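Some notes on the structure that comes next.
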C-alpha cells in the first residue's frame, strides 16, 4: 500500500532578492521566505503563485535554512514563466509546499542527467547528496544550443558537481545528454537521476541495462493543478500514481508504463 | 474483492438508500473521481464506494491555479467544478464496477432541466446512486446558486425523481436554511441527504493584498468544519430521522464516530486524503473496529443516531 | 494613558464611527467584559477599547458548564449569554472610562422594544458605541432568533437609532443572508457592522454518545472560522464600502492584516485570548508595527480594503 | 505584564478504574485516559464533566504517564460531587485540561497544609516535589472529625510525605491545621503551601511572619465555569486575576487583598 504521511505543507509569501540570468533560457530566482516554510528535500516542488497570473508548479532548486531563501530556475515557455523570467527584485510571490515526496538515493557516486529546466531539481540534489563534499556527482547537462547552456554549467560546478555540458555546438560534448549517457559506465554509479523532457528520460530508460534499472530514478512531469493529491489532474497515464504526491521522481521500474 | 478489503469485518457494514456498503467510508465528491487513474487510486485506498467528481452537462476546465490553499488540517478550495463532463460517466462507472464497488455519481446542473438530463445519463451508465450537488459554494450558476430557493430545491429533486428509479442523494451545505432545504428535498423524494459541503471562505496574501485563490473566495473544508458538520447532521436527523451520509472534517475514527452518533449511516472524506494521506481509510477502519470491540458493540449501526437517545 | 500604551505609534490609529482608537485591537464581546475584574484584565492586556459582554434586560445565569470546549486553536462555546443584566452597565462603563478607554456596550434583546430599552440605558451610562448582538447562535430568543427576518433586523436597528445619538454597531454572523442583513442594518442607520459571530457547531463525546456542551450545540470560534470572517468582511465591504469591525480567528498580525485588507477598520479578538494568552494584543501590535515598516506603509488605514484594489 | 502562554489544553474521555473511599467524605477516583492528555503539574486542575450532570472544577490529585491514568479526590457537597462519590468502575467521564498555571516551588524541605478536599492538589504536589525521594515534605492534614480523615493520612504517607493529622478528637493532633501551623518553625521550610477552605488559608496567612510571606503559596478557590480565561466568573475579588489562568495557586503576596 503506497501511503503518504501527514504533509507539512505551508503557504508563505516570498520576495525576490535576485533574478540572475544563467543562460538565454534559464533564470535563477532567489527569494526571501517571509513566513514559515519547512525544509524541503529534492525533488520536491512548490506551487508558485504569481499574483495577477497563475500558480504553476516549480521545482525547488535551492533552499537556505539560515538565510531563509528559496531558489527556482525558470525557463520561459508561456505567459506565467515569461513574466517570471523578467521579474524584478522586491516583487512578491506566493508559494506553497514542499510538495511531492523526497526521493534521495543513498550512495557515494551519482550520475545526474539534466535537460533544459530539468536542471532545477538537479541543483537541489547536488546539495542534498553532498556532492563535492563526502560524495562525488557528475552532471551531464544538455540543451539545444550553447546559448541555452550559458553559465548554468559554471553555476552547477560552483555548487559541487563535476559538469559535462552537451549541445549542438560549442559545449563540452556535441549531441544530446543521451549520447553522453550511452558512453558512460553505468556500473560506476550508485544511482542515476534523469531530469528533463519526457522524451529524454525515455531514451535514458531505453539505454539503461535491465539489471541496472533499479538504480535509475526519473523526475517526471504531468499537469499539476492542486499539488495536494486531490484534483487528480497529475495522474500518471495508465497508472494510479499521482505525480504530486507519489512523485515527481519515481524509481524507473515504477513508471515503466510511461517509459516505453 | 481484494484480499485486503475482504479483511474488513461485517461489523462495519452500512446500508444507505438500499445500497449495501462493506463499511461506511467513501471518498467525497471532488477527490480524484474525475478520471480512471484517480478512481483506481481511491479504490486502492479501500473506500467502500466511489463518489465521482461532480459531472456537469459540458466538460469544465475550472479555475486556473491556485485552486487550493493548504491551511494546516484544513483547506480552502475553488476548483470551479473542473470535470470531464457527463459524457465521461460511462467510463467512470465502468471502472468503479470493474472493481466490484458501488458507483455514486455526483451531478451538478444549473437548473432542474439540466439535473434531469444529467440524471438520465448517469442512470443509463449504471450509477448505483445519484448525488445531486446543490451546495458547491463557489461556482456561479451551479451548487448553491442553482438551488437558491426552497422551490428550486423541490423542483430539482422531484424532477430527478420523476425520471429515475436510482436512489437520489441530495448534498446540502450548512446554512441557516438547512432544515428547510432538507425538508424540501426529503418531501420531494430524496432517498438520503449528504451533509455538508464546504463553507465559504477567503485567504488573503498580506504582502500583496490579494485574495490567493484565482476565484478570490472558495470553500473551507477539513478539521475546521467538523463541528459544523456534526451540528448539521444532528439537527437534520433530529428533525427528520432520515438517511444521512456525513461529510466534513472526518480525519480519524473519533471524528467518524461523532458524525455517526449524530445520525449519519455512512461517511465521506475529502480533505483528510490530503492531510492524512491515502492510508486514511484503513486507519479509520482499524480505529472503528477497535472502538466497537472496546465498547462491546456488535456493529456500527448500533451507533447511528446515538446522540439523540434520551 | 499608561506609559506602556502610549508607546504605540500613531501609525496604528483607527477611527470607527467617529470613535478614535489608539490602535485597531479590541476584545470581542463575551471575553471577560461582564465584571470589574475582567474589564481590568482586558485593559491591562492593552486593548484600545473595551467591549462589554452582551447585556440583556435581566441578569442571566447562562447554561451550566460545560459551556466551552477547547478545540486546539479553535473553541466551541455555549455560554448562554450569562451576564449581570443591563443594570450593571453604569459600573462597567465607569470602570472602562476610569482608564481612559472608549466603552463599547454590547446589548442583546429579544425584540425591537427590548433593544430600544437597553440602548437607552447604555447611552445614559455613557457608552461610546452600542453593539447590537443580532447573531448569538445558541441562546433561544436572542441573537439570530431575535433577528430572524430582514424586517426584524430593520426594526431593531431603526428603533435603536430613533432613540439614541450614540453610534450603533450591528454585529452579524456569517450566513447566506449576510449581504441582505447587512444591507438592511445599514439602510436602517447602522454606523458600523461587526463581522462575524461564531458559527453553529457540536462536539460529541464518542464513548457516551452525548453532545458535550450542556446546550448540546454552541458556536465555533477561533482559527477555524478565520477564512469565513475574511470572506464575510470582504463581501460586505465590496457591496457597501461601509465601516466594518472584523472579528473571527484573529490570532497574530497576519490574520489581523487579512481582515483589514478585506475591509475592516478595526478588529476584535475573543478566542485568541485563550489560545495565545493575554499577551496577544501587544504581540499583534508589535507585529503590525513591524509589518508597516517592512512594506513602507505610513499607517494602518492605508491597508483598509486593499484586497479590493483593481 | 502577566502573560499566559499558548495553552495545551485537551478534551478527552476517561473511564473509571477504581473508586476508593479514603474517609467518610473523601473518595479517590482513578480513571483511564482514553485519548490524549498532556502531562499536568500541580496545582493544575480539570473541568470534569459528568454526563447528565454538570462539569465541575477538580484538582488533579495524581497522574501516571505510563499507565495513562488520572486521579481525583472528591468530597461530596452537592449533586454532582455526590454522584461522583458513588460512581462505579467503567463509568465514562469527560475532562479537559490541564487548566491553570503550574506553580512548583523549588527547595528541599516543604510544609504542605491541607484542609478537607484541599488534600487533592497536595497529593499531586507530593509527586511533583519528589517528596520522600530527594526532598522532604511534611503534610499537616486536617478535617473536623476522625472519620473525615479516615485512611487519607495513610494514603498520603504511602506516596512519600510525613503526615500529621488534625481533627477534633482521635487524630495525631487535636484542633485545626492552623493550630499545628502556629507551632511550626517556619524557618525550616523552603516553601509552605496551603490548600483548603478560604478561612483556613486566611488564618495561615495571618500566622505567617511578614518576612516569611514570600515562601507561602496559597491554593485558592473561586467559581470556575469555563476554566479557559474567557468567561470571567473566576476573577479574584478586587483584582484582575483569573483563578483559572493565573492560579489556582498564588504566591501569598499576590492575593493579599483577599487574605486580609
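Think of it as A, B, C and D in the order they're written, each chain with its own count starting at 1.
Following the convention adopted for this analysis, a residue touches a chain if its C-beta (ideal position, glycine included) is under 8 Å from a C-beta of that chain, and two chains touch if they have at least 3 such contacts.
This one's a predicted model, so the numbers in the text were calculated from it and none came from an experiment.
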| item | value |
| --- | --- |
| Neighbouring chains common to chain A and chain C, by label | B |
| Maximum centroid distance from chain C, chain identifier (CA atoms) | A |
| Chain B-chain D separation of Cα centroids, rounded to whole Å | 49 |
| Chain A and chain D: spacing of chain centres that average the CA atoms, whole Å | 60 |
| Centroid distance [mean C-alpha coordinates] between chain D and chain C, Å | 36 |
| Residues within chain A bordering two or more other chains | none |
| Contacts with 2+ other chains: residues of chain C | 71, 203, 206-207, 210, 254 |
| Category of the chain touch graph - line, ring, star, complete, other | line |
| Those chain pairs that satisfy the touch definition | A-B, B-C, C-D |
| Footprint of chain D on chain C - complex, ascending | 4, 30-35, 37-38, 40-41, 43-44, 53, 62, 64-71, 75, 77, 79, 82, 203, 205-208, 210, 212, 214, 270-271, 273-279, 282 |
| Touching residues (chain side chain A, partner chain B) in the complex | 1-7, 9-11, 13, 15, 34, 47, 49, 51-52, 54-56, 92, 94, 96, 225-233, 235-242, 245 |
| Chain B to chain C touching residues, read off their complex | 71, 74, 76, 144, 174-177, 199-204, 206-207, 209-211, 216-217, 220, 223-225, 227-228, 230-231, 234-235, 254, 257-258, 261-262, 291, 295, 303, 306-307, 309 |
